[in-house]
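Each of the next two complexes has chain A plus one other chain: chain B in the first, chain C in the second.
After this line comes the complex of A and B, so read on.
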């Protein structure tokens, strides 16, 4: 287990990047502008790419350099570019129907992080990993997962929902880089590719939403009930 | 031999996708898809006896042919064949000839991903196959491009993608737990996970199991994660609904069955099975509530899918040779009967120009032939004899009564009766209820071209085997189920 045998420098570097990614998730929660979400997501992806490279360097996993490069390319550039295109095509640039104000979201987000911390502390304890980066990685992974779900619940703009899903994925990806750096390359590549396809499909679907349902907000999608 | 058959199963739909994309002629793409479906069905039939003699690995261990997977392939390929026949008649009546090649390309692609799912040996790749089924089928759900269908597609994609990301998290947890034992890099195949399971830290094992259960449970449509299902199943074209319900849900269900096996091997106590059983019973409960008060005809069928997935979850959750046999028999019988029901619903919507139960009255006079078949299907799907779902539900009940979760068997029995009454009450209204002359007069004015043999034949093809399955439980099936149950019950020590 890599996370348990890191030097202090590497451990603090990993922690810094993991915590910075978590903070960026809060930036998304605290804003109502779609471009803010997008920038936060892109920066988060770059951070994760750096994290992959750092794990590769300190843990001697040369294949992680490739993953880092592809993460930066796909998640850091291509996905934001695709999403930016979607934003340009629709006339909405901010969240219109707020179910919860950004500040309330941040408070709930903080509570979710607390919950994630308790869960991962418990898990770490049962594995004898207390105080290592592994616990932090678990906390960040679960927190980003929960924050992603929170965004899916409280945001109704189609694009915010896509970004919520991407935050979910980023959380898993970040956690898996630290917890299971040896995960077979093929799987990681396919998941990266899969993400690209997901975003492309969402792009087409948003176009359909705009053309046939004349809305880009899930707030107006309430015909099918019961 | 197995390898050749496997190649046919995967390459025939792929060829159909490519053919549809290259040649746009509507009559040609129909036949191409039908030919692919037929080839797949024949190949699966021939694969079944081979699969019995143990798991075969292909492609560096990424593909696996085992009895459980082959059984799911049987139900998937049956539905694919039936739906492909029905689609020819149904899609011609929608007058979408211009875009027909896209429909069939997506349809064959959907079949390809659904067929690939049960064959995946690496759990990560299995997850991706399931995710791909969502992506492809989304565009089939919104093929008609109405406001409702786009809404349904959106909800489908968002909810299922979010849910299935939980399964990915669970898989990462499994991998992490295994890597503490096996070292950093290894292939997370089903058998590797089963073997390492007893040595995985139980906290991680439990958490991972609950995550994959919720994740794949979303895709299966188990309550309370079922909310996408009624929308997606009711808004797609009828052949797509049949594929979603009869084929797709099964491929996600065997993931759950295999993870139950893993958590058995890990000796996590009774909690994992108790959770599966509770979710199954809750699905039945939710389905019973919505079936009795349903107003939409295809939504009625969709909630019936939630019900039957709940029954299957109960079967796998009860476990034992009896529970597994019941669940697998139920899988095949449900696939056949749900196809029949969606075809009937499609015909009724065509005849009455409405998808509301209240607009459909005197169904027999408007559609005498398919009306009778549909009524027989309604009796079959509620689990009444002499159709195939009766013996399977009875077997699952027996398994439940004998096991530690006998309360769930009781709940299941009561809810099945409620659903039986509620479901058939809608059919009573549609067939023999008093007709509200105003709406009928309005629809009478519309000239309806009757749907041809294409829409009738697959209904017969579903009903006849369903009747046979109800009258006679084949010995060969029992042998098959015994092998599957033995493989699912084998713990980490034996390969």
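After this line comes the complex of A and C, so read on.
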């Protein structure tokens, strides 16, 4: 396994990037405005792209450079651009409405990170990986997934929900880059295009919701229509 | 042995003598940043001198707590410098009385008595100030504990001297994400504890006051003691931040007189750097609504948790 046999410099580089992307997930959790959120998401995607390039460099996987380029282009530029377009064109509210205040969300997020910390600590112990980047990557992956779920739960707008979904996906991608760097190229490409399809579908869904129900918030969708 | 005792006394005297200067520098710089003239960096000394020569006025409703609180607060601030590395990087006599948690306990004891004194006289402002200070303390305390846990995981010890040595000797630990996140978390705590949160304006006596509200009933020498105690608390927290976490270099190794004097100068130089950051944050950060006071604390809590998580590597 690559992550268990890294030198100290590479290990600290990896850990810094992983922790920085976790910090950006918290920036998204605590931000009130959708544009801040999108900027944080774009920066996080660029960080993950750098991370996959670094994995490619240290583990000698040339195809990971291509993945890094595609990640930066798709997640770092195209997806935020598409979502900004949806916000502009559909006249969706630019403020994120939440059921909990940002600070309460952050504290719950911190507790979720502690949970992920304990879980991955146990996993690392049983696999004999204690003290390596692999455990840290596992923690970051699990906590980003949990934070994504938290965003899906506390935000009711359709647009905010897709943002939660994207964070969740970023977490999985980050973990997979460090933990199983030798994935076939095709799977990574499929994941990238999958995301594009998801965002496009949500764009259509929001347009449909606004046209038929006059709202894109899951709060107001209470009536069953046959 | 005598030398060590003298050095220990020197540590306490450094804190007593230089804390008003630190306060003066911060206030002067804030004035300068806002393009005002400022009262000069020696103004806190003049204020203390003036207050010590005034007559005290005691509210009729005051009980013995009113008299005890300033003295206990001042004594607590005299005790804490014994436990932490102010001038030397080796433990001095009696510095094994308590670890970081012990120092935190004594600092909180002083603050607790001032809170009681605020409630004691029964004035409305004292009550408001006390309730706000307690609310902030309740929110800051878990973060403080988490920062201590992070430090303990980093250095495998709770003694400030051990942490200092570790950071000086191992640059890899100094630049590790765990340590950097601890520094960031402690910096926010520093702003909270020295009453510089971005929720009240820089003029002190106004509606959103927190620490000033508690001591509004005091006057004369007792007020001087309280003000001095709060300046010393600021100095002590800066010392912990600089000498233990952020800039652990420049302390006296051998304990000679020249070394101690140099260390005192170096400590003040380091404080000027931190004070510059504090002034920058206070000026650049826009004032928040009062009821958003929990947001910086939530961020600090989060950074401490991330520091603990980052400790997994190693």
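One rule holds for everything that comes next: the second predicted complex is superposed on the first by the 216 of 226 C-alpha atoms of A that agree within 3 Å, B and C clash if a C-alpha of one lies under 4 Å from a C-alpha of the other, contacts with A are read in each partner's own complex, and residues count from 1 in each chain.
In the analysis below, contacts are C-beta pairs under 8 Å (C-beta built on N, C-alpha and C of every residue); 3 or more make two chains touch, one makes a residue touch a chain.
Here the structure is a predicted model, which means the values were calculated and not measured.
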item: More chain A residues in contact - chain B or chain C; value: B
item: Touched partner set for A:180, first chain B, second chain C, both or neither; value: first
item: Chain B versus chain C as contact partner of A:190, first or second or both or neither; value: first
item: Partner chain(s) touched by A:23 [first = chain B, second = chain C, both, neither]; value: second
item: Partner chain(s) touched by A:77 [first = chain B, second = chain C, both, neither]; value: neither
item: Partner chain in contact with A:202 - chain B first, chain C second, else both or neither; value: first
item: List of chain A residues in touch with chain B within their complex; value: 1-2, 61, 122-123, 126-127, 141, 145, 148-149, 152, 158, 161, 164-165, 168-169, 172, 175-176, 179-184, 187, 190-191, 194, 197-198, 201-202, 204-205, 208-209, 211-213, 218, 221, 223-224, 226
item: Parts of chain B lying in touch with chain A, wherever the complex brings them together; value: 122, 124-125, 128, 131-132, 135, 138-139, 142, 145-148, 150-155, 157-158, 161-162, 165-166, 168-169, 172, 175-176, 179-180, 183-188, 201, 203-204, 207, 230-231, 234-235, 290, 293-296, 299
item: Contacting residues of chain C [partner chain A, same complex]; value: 172, 175-177, 181, 292, 294-295, 297-299, 301-302, 305-306, 308-310, 312-314
item: Touch list for chain A against partner chain C, complex; value: 8, 11-12, 15-16, 19, 22-23, 26, 30, 102-104, 106-107, 109-110, 113-114, 117, 120-121, 124, 131-133, 135-136, 139-140, 143
